[in-house]
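The structure that follows is given in the form of structure tokens.
In this document, chain identifiers A, B, C and D correspond to the written order of the chains, with residue numbering beginning at 1 in each.
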Amino acid sequence: MRHTLIPQQYYRTIGTHPIALTIQDGDEVAISCVDAHGIDGNDQAVTLPGNPMSGPIAVTGIIVGDVLAVTFENLVPLRTQGWSYPTLAGNVVDPEYIASVPFAPGSKLPKEYWDLDTAAGVVRSRGTHGMVVTAPYRPMVGCFGVAPARGEAISTATSGQHGGNMDVRFFGVGCTVYLPVAVDGALFYAGDAHFVQGCGEIGGTGVESAMRVDVRLAKAPMQSIAWPRAEDADFLYTVGNARPLDQALQHATSEMHRLLIECGADATSAAVLMSQLIEYNIGNVFDPAFTVVAKIAKQVLSQHGLRSTFR
Amino acid sequence: MRHTLIPQQYYRTIGTHPIALTIQDGDEVAISCVDAHGIDGNDQAVTLPGNPMSGPIAVTGIIVGDVLAVTFENLVPLRTQGWSYPTLAGNVVDPEYIASVPFAPGSKLPKEYWDLDTAAGVVRSRGTHGMVVTAPYRPMVGCFGVAPARGEAISTATSGQHGGNMDVRFFGVGCTVYLPVAVDGALFYAGDAHFVQGCGEIGGTGVESAMRVDVRLAKAPMQSIAWPRAEDADFLYTVGNARPLDQALQHATSEMHRLLIECGADATSAAVLMSQLIEYNIGNVFDPAFTVVAKIAKQVLSQHGLRSTFR
Amino acid sequence: MRHTLIPQQYYRTIGTHPIALTIQDGDEVAISCVDAHGIDGNDQAVTLPGNPMSGPIAVTGIIVGDVLAVTFENLVPLRTQGWSYPTLAGNVVDPEYIASVPFAPGSKLPKEYWDLDTAAGVVRSRGTHGMVVTAPYRPMVGCFGVAPARGEAISTATSGQHGGNMDVRFFGVGCTVYLPVAVDGALFYAGDAHFVQGCGEIGGTGVESAMRVDVRLAKAPMQSIAWPRAEDADFLYTVGNARPLDQALQHATSEMHRLLIECGADATSAAVLMSQLIEYNIGNVFDPAFTVVAKIAKQVLSQHGLRSTFR
Amino acid sequence: MRHTLIPQQYYRTIGTHPIALTIQDGDEVAISCVDAHGIDGNDQAVTLPGNPMSGPIAVTGIIVGDVLAVTFENLVPLRTQGWSYPTLAGNVVDPEYIASVPFAPGSKLPKEYWDLDTAAGVVRSRGTHGMVVTAPYRPMVGCFGVAPARGEAISTATSGQHGGNMDVRFFGVGCTVYLPVAVDGALFYAGDAHFVQGCGEIGGTGVESAMRVDVRLAKAPMQSIAWPRAEDADFLYTVGNARPLDQALQHATSEMHRLLIECGADATSAAVLMSQLIEYNIGNVFDPAFTVVAKIAKQVLSQHGLRSTFR
């Protein structure tokens, strides 16, 4: 079944808030999302800035310890214009280089606006601060997740085992993300969509816009997990969210070892496969918590007689 | 001109050691390299383990402050067999997960041997410790660099501004790596070649073998640099070597901003391009120092009227 | 005025929960606190483990942007026995040393019990796991804080700008801790008291017991602050809570520079004083977030004509 | 026997350089040391800046795997004036706070000069940049160590298992530091003395001066060690040198556990003692490598029937 969620209220934490919509396992929801500053498809500020979330959506029959499969079916822009900040974050450059970065970190910055050219498949900056920059249109969802354990309500500025502001570039159409469920019903939230974004969200913004995020939410045929996992057509992924990056990498790597064992590998063979065939990507490095993604090709898994999908 | 270097002596530090070969700017050298344990193409241990280096090669006319362009022209296996350790390093998994990893970190491990099948373009493990694993043959040079400043002699177990044990997967044929020259003649070293290696060298080894590393060494048309840079057919790269990963990322990101300015961008536009179009890769995360690579597509640069090559 | 708080309900997050007690600015409260496992003075488990908090206490007239002064007037043991775990946390030793640590991290551990000898001023372990260990009785409050901004409810396993599980050894009788107020009324919580604890809480526990925590809560004559500050008879302190330790140290150091300017120093002189006279302590290094404390002697400040107290 | 070393040559790396002086096990040497900028007791620049070292001193009969005991017998100022930089390092404050720090990191700074008043036991800044600051005269040796393994020559800007630029405040008169010997004869170096210094050397300098460093060098009655250890009248110490601070703390903590076992504790009791009675100090946080010191009171050890000295 297909639902629509146009929120009456937005949240800047992911927690156990009053349910906005209840659906059945496997249903699809078209979620209307404002941008990171709370601005909607009509350029109206309808809520406070700071990655306001649409949700929570409860999924009947999904309980604590289950894994929620979030499949991004479609991402539809709700306006043709997005914005970004024309700088780099202070923490992504050397301390002694900060003075060289345009617009001191923390200063009140003027936004750079970008226009979406759907026909050409690109976004173009207006060049207010320098060059007109053209980038491919690669829509993605920056922040989404499920209610965490022990009653926490976690700021949407950060991320954790529950998901959150991971800003992983390929969390877009065709990707399924697996999240560990900590409360009955899972309580899913989404927001902070981008037209495009570089690795790390190192300027603190992608090209931010309001979008409709169409997701299918279902119980995954997967054992209890500690950290988010994902898959698309070609890869299986595991995700660690922490600071420093070293610890995020430890989470993603431990989770990949567990995943490969769940795919049928023995512990040693899983280590050998990972040593020679794993790749890493970097998600958000601007947040309080950073994101590292480990990935392995599905072809590698099937070639070695291992399970390669959970869809 | 083309030279051959078959070392009489190997070094486990990169420093100002007695010159093994002197060449002209732009010459090519076929460098015979033993594997990380000092074992040569005839399976003989000819020097101590620990990433022994072949070199140093002095390049006439290259002086302090210049940039050395190291182009990998060819990588030729000197034997058909390589080896790896069938484990994961203690520092790449969660502390509480270490007990789950096969073969406790630091224990004396039996090696896993792999055979090179050049016709099929793959390497195959012998499955001593579990599954027979097949991986693509993607030869690369794990450790190379130039003599550092102030008379330092830096262990080949680690990396720094001078290069060193970076273990970047795409530092192979067709890639040009740019290194900051700290002593006259540059004093180039290479070794620690791999048949294949996953991101991070998270087991502490790629598939280690003796190889002939054919490089062309030339002065680059590039201003003084702080950290290694690189390019291949499709991308420009910058490299940071440090621990934690966060600092390696800061080095790579600062260097990318400087590089884009050298390519013709103003400081703000460089920041905008990076925010929306950069990608990161992770090199060695097993060393004392870790490696992060920032990359940007050459096509992006030329499309915006910027310089896109230094070859 | 003096109040008593014996909670009907405990919380494992610090957030905007229903107010348990409302007091006037400057009032004192005797707060009954269970131990980290929810066990009270009669050895009864009255709530779930995980640093359950007593509170929240609202202070009339204190509003967002104010600073709350929390003075620990007295700490009274509610039983004569405490407990700890006889191990070291996995993250405080080298990864390759973890196998050497007794009781693998994450394993189900038997507790070590300790008896309080008030006359001798010591606590003594029962030696179940080895030696009988005697340590001085130095009671302190491991976890306390005020409701954070934007509606967050932060787990009492961690710490932040709001305070939380800082485990600073000298947060005991005679110490005043200053916390940034993010919601009207401040909403103060406390719990997780220790009979004694080493720097870092590196075993994951101090000697845990139920205690009565007597605090005076008042508005501090201090400008808006970003991170906790503190003072006792001899020192002014600033506190950073983050991971890695490097970032916690950055927070504490930045806050100390702001504090010294508030005490009357110019920015340069503040830097000179800090360079030559500051000391650092380490609080919790077991949590998701770590704690670093910067301190400077009050005598140094008064000797240089600077303000040296905010009490 | 007592020797004098007035160097003809200084080194900015600690490595296997030509021996400047050979002594017997247990001999004392009065080592003339220039300041961190190579300026001697007559205000003459006699060598390049960058922590130039006096040495190496070879100790007959000390071999690889031994432990060298370095006892600081006396520190004698060679001039009555010292200098420092009036700023804070970029990496010790929050990235967004860097703009608030006087004198941008990396800028060419004017020095602040300080005068030593031996009678009063203080040093006084001249107040060129702000207040006249008075600090106690607490002389210490910032950088010293022994030649590292595998032929490395390590910059005196950093630190490691061999010692180096640790900048620990209490490495002064009355302290014995234990260093792991990696080459026969140990090859000891010293320099970079300070009249006083705050924890962390967070401005990048203590009060830098030329000093005579009187040391006794002897073989310690101690098993092979991985990281520096130390003792003074009241405490035993272990030292970790690495970045980030978290890793330096891991080294110091693992070494303390090994030390307590060498003092006679079983592994579990060592963990219990450490959990409740250890303290941490922070050394250099300005270097490429940071320093964390773990300490435990000798009284605690003797009270529990454990060895408490290696002198």
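Throughout what follows, a contact is a pair of C-beta atoms (placed from the backbone, for glycine too) under 8 Å apart; a residue touches a chain by one contact, two chains touch by 3 or more.
Keep in mind it's a predicted model, so treat the numbers as computed, not measured.
A.B. asks: Would you pick out the chains that touch subunit A and also touch subunit B?
C.D. replies: C, D
A.B. asks: With respect to inter-chain C-beta contacts, which pair, A-C or B-C, contains the greater number?
C.D. replies: Between A-C and B-C, the larger count of C-beta pairs in contact belongs to A-C.
A.B. asks: Name the chain whose C-alpha centroid is most distant from the C-alpha centroid of subunit B.
C.D. replies: Measuring from the centre of subunit B, the most distant chain centre belongs to C.
A.B. asks: Rounded to a whole Å, what is the gap between the Cα centroids of subunit B and subunit C?
C.D. replies: Roughly 46 Å, centre to centre.
A.B. asks: How big is the gap, in whole Å, between where the Cα atoms of subunit B centre and where those of subunit D centre?
C.D. replies: Centre-to-centre distance between subunit B and subunit D: 34 Å.
A.B. asks: Just give me the whole-number Å value for how far the CA centre of subunit A lies from that of subunit C.
C.D. replies: About 34 Å, centre to centre.
A.B. asks: Could you list the positions in subunit A whose residues touch two or more of the other chains?
C.D. replies: Counting only residues that touch two or more other chains, subunit A contributes 91, 94-95, 243-244.
A.B. asks: How about subunit D: which of its residues touch subunit A in the complex?
C.D. replies: 89-91, 94-96, 98-99, 104-106, 244
A.B. asks: Please output the residues of subunit B touching subunit D within their complex, sorted ascending.
C.D. replies: 11-13, 15, 50, 150-155, 242-244, 247, 288
A.B. asks: Show me the residue ranges of subunit A that touch subunit B in the complex, using the header's touch definition.
C.D. replies: Contact set of subunit A toward subunit B: 84-88, 91-95, 97, 100-103, 112, 125, 129-131, 133-135, 196-203, 205-207, 243-246, 249-251, 253-254, 257, 265-269, 271-282, 285, 290, 292, 303-304.
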